[in-house]
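Notes for the one structure printed next.
The letters A, B, C and D name the chains in turn, as written, and every chain counts its residues from 1.
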Amino acid sequence: MGWFNRSAGKKQQNEIPEGLFAVCPRCKAHIYKDEYESAFKVCPKCNHHERLTAAERISLIIDDGTFREFNAGIKPNDPLEFRDAKGTYRQKADDAIAKTGLNEAVVTGSGDIHGIRATFAIMDFRFLGGSLASATGEKILLAAEHALRMKRALLIFSASGGARMHEGIVSLMQMAKTCAGIARLDRAGLPYISIMTDPTYGGVSASYATVGDINLAEPGALIGFAGRRVIEQTIKEKLPDDFQTAEYLLEHGFLDAIVNRSELKQYLHRILQYSLGKKV
Amino acid sequence: MGWFNRSAGKKQQNEIPEGLFAVCPRCKAHIYKDEYESAFKVCPKCNHHERLTAAERISLIIDDGTFREFNAGIKPNDPLEFRDAKGTYRQKADDAIAKTGLNEAVVTGSGDIHGIRATFAIMDFRFLGGSLASATGEKILLAAEHALRMKRALLIFSASGGARMHEGIVSLMQMAKTCAGIARLDRAGLPYISIMTDPTYGGVSASYATVGDINLAEPGALIGFAGRRVIEQTIKEKLPDDFQTAEYLLEHGFLDAIVNRSELKQYLHRILQYSLGKKV
Amino acid sequence: MNLEFENELAEIEARIAELSKLDSKEYPQLNKDLGSLRRKMKSLTKKIYDNLSPWDTVRIARHPDRPLFKDYIDGMCSEFIELHGDRRAGDDKALIGGFATIDKHRVMLIGMVKGRNVDEKVYHNFGMPNPEGYRKALRLMKLAEKYGLPIVCLVDTPAAYPGKEAEERGQAEAIARNLTEMANLEVPIVVVVTGEGGSGGALGIAVGDTILMLRYAVYSVIPPEGCAAILWRDAEMAPQAADALKITAESLLELGIIDDIIDEPPGGAHRDPETTIARTKDAIIAALQRLKRQSSNRLRDGRYNKFARMGRVKQTRS
Amino acid sequence: MNLEFENELAEIEARIAELSKLDSKEYPQLNKDLGSLRRKMKSLTKKIYDNLSPWDTVRIARHPDRPLFKDYIDGMCSEFIELHGDRRAGDDKALIGGFATIDKHRVMLIGMVKGRNVDEKVYHNFGMPNPEGYRKALRLMKLAEKYGLPIVCLVDTPAAYPGKEAEERGQAEAIARNLTEMANLEVPIVVVVTGEGGSGGALGIAVGDTILMLRYAVYSVIPPEGCAAILWRDAEMAPQAADALKITAESLLELGIIDDIIDEPPGGAHRDPETTIARTKDAIIAALQRLKRQSSNRLRDGRYNKFARMGRVKQTRS
């Protein structure tokens, strides 16, 4: 469990106050920050899984030193030259780049899981809410093509509020574009494993995230097509508390399993051994 | 609509008293027998579709003089040498043969629908409740193989209470056997159209009847897996009146359409023109 | 019903209707006046419709008299045989399909049904499909593939239905599955956005080889009202959002999302449904003829490349 | 729990248990008596189990201590990763499946779960699957096909659940779909009937290349009670119906429905689950080794011919 004991997160989440303790955003328990970080931001009291950055996710899942990022230079495009009340999308994207140190809401590359090489796309919710836009879609399609070329499994970790409306229809088309990549992998008999983390919504849940050969989710992750508020406004009733939780989706048949973060790497390794029977 | 004005039924159903009038078994309306017969036993008042014999069905659907029956000599087998409180299955089968003039609960052959040649399997409920047994399954599989060989559409008219328990496990296996035939047709891209008539239950609904490329049913036909009484006993509540009717199944997504008997031949002809685009 | 930017048109129309009732013997100027009014009507229509804002276009795309899927079925098809059910859970009333004959072409025709009066609208859930709708559509598309029939999809939906049961039965998965499977289909797929192209709910049947759009249809990642509420924090800013989102046929053509625009008659489809439907039919036939010549592999690869090109971003070393 | 035809065995068992508590110093005959009792026990067990009626066999197949699917998972597999859900409506608790490793073989393992105590039984719906169960099973089988994994199905169900919602969601269609799609699968399928093979509900996962059956399992088109109620008009005649229906492994082997019988230890699987499970494991491994050598085409054709032969009837000119 080497990957698990390393201290990982270099960035602090806003929820965690400076000092010795972190505060669980769900149960408000005070947790030694070291303990919290080394447990990859899982609350030891209530099992709340806090959102991870792409870098933290890589350090959690991928064997030390094996990750090779590709297409890191792909940055948001601005096909609509979009501006809203608060300014231009270009500025917003630049701010996101500066804030996160990422060029887009997804990091793609190749790496090993306990020695099994695979292709990865890992979303980072901090970058404009993990929204799906042209550069995100492009990177994911290129990752799918990479997996196809190398005859490897593709693993996508989703974390997204949905399509990035600043790129309008071009964002919407990324749903079809990424799914076309998944479709090619499927025809080639190559495994695609989708891991949904909190949150996975809209244009991402309605495209690559839910059509994994195997659909996994982290405990408590919120996953849905429409947002809770939109639905409540539409049907004019209150939704149950567990609506759109991973546990709710499992019960309704859309997840193969919910996997604790501490077991996720090992779990993926076990699954990959079955999925690559024919190819490796 | 020539097929429709011919007088068809040579056999009298028990429900219809001798004399000038037939009585609709549903709405109890008195109908001129000639009118009733020439409407292929559809009540003009309530649209009740009375069960048809295989011969009536052939005369309703297949162009005059084009039907060529095959495998007519296949008769019930008695793999278990079954006998119950009332005697032997062999005797029961012989009685059914004598009563119906058929050798089994299904008649198979080739014929034309407005000039389009197809392969048919037409069940007859009078023969031991249209039950599926080894000879029934054999004839249906041979029909599927015939359609495959001739590159034609297969049409099956179902009318059955389910598997014939007198042949025990051998009857059960006919479900897998007939479906294997359907699977081959599907792989070859050949159309299979299922027409469910009253009643279609158990081993027949849970095999070939419900996996048509196109699933049709006659109005009011009862179609289900388990019988109403069994379900009511299991769940200990009363079922709605329309439970397991064709209309109910349509609403729940399992039928492509409900077609009136008077329009069925024309409807099948229209559909066949779409289904054979690639093959003919 | 007339939209507010059409008020002037409505006035002239009313005037024409009034004059038309008069007797030309008693009113010698009548024909001249009518002619002049008609000319004015025509030039004003052109002026208004040449200068529509994107938000105006949204209003036209949602116009209650705009031809709906059933009008297209009646107007384009010599035959339509509806095929029901998803074979899993139900028969969606907002998204329907079936065998259809358009000119000499036998196709699988699929589209959203909005309904005209209140009862119809409720029955068809205002054209907002549930997961069963998308699953039925996929079933029919696979049937079309088996039978070698081209697929024609007419898109006109505000959105996939955002309901509780829709979520429970996997609205997201149903759409995602369609996007994935449509990429694999081996028959031609022609898509026409005829009215509202409402986000993922529209895209769920819109992965086509040829994607056409009526002149005053819209196609958007989010309704302008929703976008305005989020980015402007004021749903009233919908016109601004509509503008920013580039949701008109012209913008989509420029962006390389659609292949062609089907022109609407002067004053929009709602003023002349017949011509609109005839032009749509012609455009579909032309697309079918083009696509039918392609092998299934070429079709599939072409479709892949088409979508792969959308929003292609080159690596920029910074 | 002991069945009434095992009463004599139970008495001897009780005697043995009693004697075993005694001290051999105070009771010099002890070891001799115990030995004789054990010999008697053994020979009586053999006598009883060699002369079981079909109805006795039904009782054994339903014995509460008979090993259940979860016991087989624990006993046969070095790893089992359950995969949930049908991606449509739910996650059936009566029919489950997942990746499993049996010896050196990675497989997709699928089976019915009955549950041991009342809570478990209710949770798993007494091993009676709903349509979601069959659809999940099919999804997993197709996944196995994609990954080139053999499929192993363990059958133990009274029936597919005859419920209202089961009908509404297409119990018949779900089973029929499995029968059809399983015929097309390109990977080996090994089926073992371990307990109750309840009609279509069992067959829904039992279209195999190799079909095995435990010695005291039963497999029937209808439960004997149901058959008796219909044909004898008296459910109490179930033993007669069980006899007539030929539902034992031996009868099924004779009829050419199954390929082999897995012997149960003396006194049945419920007296020695460990040995039963070990033998089942060995039989599965042997079948896998045999089937893995066959090409996918040969497998598929072989499966077709296997079922086509069942109940083959020759034309007799009369």
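Before moving on, here are some points about what is shown:
The rule is simple: a contact is a pair of C-beta atoms (placed from the backbone, for glycine too) under 8 Å apart; a residue touches a chain by one contact, two chains touch by 3 or more.
What you see is a predicted model, and the numbers here were worked out from it, not measured in a lab.
When every chain is reduced to the mean of its CA atoms, the largest separation from chain D belongs to C. Averaged C-alpha coordinates give centres for chain B and chain D that are 33 Å from one another. Centre to centre, using the average C-alpha position, chain A and chain B are separated by 52 Å. The geometric centre of chain A is 42 Å away from that of chain D, both derived from CA atoms.
Taken residue by residue, chain D touches two or more other chains at 87-89, 169-170, 173, whereas all remaining positions touch fewer. Shown for chain B are the residues that touch two or more other chains, namely 186, 252-254. Chain-to-chain contact here is organised irregularly, matching neither a line nor a ring nor a star, and falling short of all pairs touching. Under the contact rule defined at the top, the touching pairs of chains are A-C, A-D, B-C, B-D, C-D. Taken in their complex, chain C has these residues touching chain B: 79, 81-91, 99, 106, 132, 136, 143, 146-149. Residues of chain A touching chain D in their complex: 186, 189, 191, 213-215, 250-257, 267, 270-271, 273-278.
Residues of chain A touching chain C in their complex: 71, 73-75, 77, 79-80, 82-86, 103, 133-135, 137-138, 141, 163, 165-177, 179-184, 186-187, 202-203, 205-211, 223-226, 230-231, 234-235, 237, 239, 243-244, 252-254.
Of all residues in chain C, those touching chain A in their complex are 160-164, 166-173, 175-177, 179-184, 199-200, 203-204, 206-207, 219-222, 227, 230-233, 237, 240-241, 244-247, 251-252, 255, 257, 303-304, 307-308, 310-318. By the touch criterion given at the top, residues 87-89, 135, 169-170, 173 of chain D touch chain C in their complex.
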